[in-house]
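Chain nomenclature is as follows: A, B, C, D, E and F, assigned in order of appearance, with residue numbering initiated at 1 for each chain independently.
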Amino acid sequence: MPYVNIRLAGTLSREQKEEMCAGVTKVIAEVTKKPEDSILIFVDEEQHENIAKGGKLLKKPA
Amino acid sequence: MPYVNIRLAGTLSREQKEEMCAGVTKVIAEVTKKPEDSILIFVDEEQHENIAKGGKLLKKPA
Amino acid sequence: MPYVNIRLAGTLSREQKEEMCAGVTKVIAEVTKKPEDSILIFVDEEQHENIAKGGKLLKKPA
Amino acid sequence: MPYVNIRLAGTLSREQKEEMCAGVTKVIAEVTKKPEDSILIFVDEEQHENIAKGGKLLKKPA
Amino acid sequence: MPYVNIRLAGTLSREQKEEMCAGVTKVIAEVTKKPEDSILIFVDEEQHENIAKGGKLLKKPA
Amino acid sequence: MPYVNIRLAGTLSREQKEEMCAGVTKVIAEVTKKPEDSILIFVDEEQHENIAKGGKLLKKPA
């Protein structure tokens, strides 16, 4: 039942999402002793200009 | 003032969103005695590969 | 896998939460054809003074 | 470290996002005495038909 | 209808929340041309040990 | 800048939160090539009766 939301700028490949979600799930299951199968992750890939740090929009890397 | 966020994989038709939001609003208003008009719902339609269960990305249904 | 977050001011009784979550789950399952068992709801009971509408904090009902 | 999420219907221009994020960051930094640079904002631009008020989907303005 | 969530470590006084919510509402209304009255803010006051930056839990200020 | 929210039922010890946040941060940094220091995690420890699965509130483990 743990719910995880990961929000980041830009896009990830399918392989990166697979690896990230597998790894995050493993860590949370190990530390909390909750079953891996109960862990639900939502990944939000956002545009750089929709995220601000210190009041300034992020710039898309060249 | 209740705020509701519904996140799910795939897309819904406009009719499905209308029916879902009307129904969810009615249930919450009835149980909590808060006015229907104060209830705000955001529906997030996500790609299957951006959701993981048990560390594995969801597969798009065939 | 649908994830639902319901945020509201004040507290609900256990019975209200049971009724609300059962009802919301039923509506979403019926409309989206997703299995009831896959629907995860988090209810956030917030203090009135932590919610603002139109720039003014909500008042606790007398 | 404050995290801010602003969700709204429709789209904003880059200039509007810049102005909104700069202004919101300034207000939060001044009131909370936390450094501007630590404030992270995510702006979610949503379709009108994915937001419901009072159980009815928002209509796109003509 | 804009929904805003502000999450931060520690607690704020009622006066700080009033000032912060009034200010954030004003900025968003001005930039987006949406009515102030439609803006809904939830403030989440979190424990320092429930927030991590760079993988380390925040320390409560002395 | 990645923002992570981990929501779960029950409470964790400070040590568990430290280990979980360090591990999750490491995984995300490695996969996304974003600096560890930019990753912000909020952990929400929720009451069992505020989470429902399949329309039924979670039971507190005996």
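Convention: a contact is a pair of C-beta atoms (placed from the backbone, for glycine too) under 8 Å apart; a residue touches a chain by one contact, two chains touch by 3 or more.
The chain list, named the UniProt way, goes like this: A, B, C, D, E, F = Tautomerase family protein.
Just so it is clear, the model here is predicted, and its values are computed rather than measured.
Student: Can you give the shortest number of steps from subunit A to subunit F, where adjacent chains in the path must touch?
Tutor: Each step joins two touching chains, and the minimum needed here is 1.
Student: Weigh C-F against B-C on C-beta contact pairs and write down the one with more.
Tutor: Of C-F and B-C, it is B-C that has more C-beta pairs in contact.
Student: Given that subunit E and subunit F are copies of one sequence and touch, is their interface built from the same residue numbers on both sides (over half shared) or different ones?
Tutor: Result for this pair: different.
Student: Per the centroid of Cα atoms for each chain, what is the distance between subunit D and subunit F, given in Å?
Tutor: 24
Student: So, what's the distance in Å between the C-alpha centres of subunit B and subunit A?
Tutor: 20
Student: Going by the contact rule already set, what residues in subunit A reach two or more other chains?
Tutor: Subunit A, residues with two or more chain partners: 1, 3, 7, 24, 40, 42, 51, 53.
Student: Draw the chains as points, connect those that touch, then say whether the picture is a line, ring, star, complete or other.
Tutor: Here the contact pattern is something else, fitting no line, ring, star or complete shape.
Student: Can you give me every chain pair that touches, using the contact definition above?
Tutor: A-B, A-C, A-D, A-F, B-C, B-D, B-E, C-E, C-F, D-E, D-F, E-F
Student: Can you check the complex and tell me which residues of subunit B touch subunit E?
Tutor: So the residues of subunit B touching subunit E come out as 1, 3, 40, 42.
Student: Spell out the residues on subunit B that touch subunit A in their complex, using ranges where they run on.
Tutor: Contact set of subunit B toward subunit A: 7, 46, 49-57.
Student: Contact residues on subunit B for subunit D in the complex?
Tutor: Residues 14, 17-18, 21-22, 24-26, 36-45 of subunit B touch subunit D in their complex.
Student: Provide the residue numbers of subunit D that touch subunit E in the complex, in ascending order.
Tutor: Those in contact with subunit E are residues 1-9, 12, 16, 19-20, 23-24, 27-28, 30-32, 34, 51, 53, 58.
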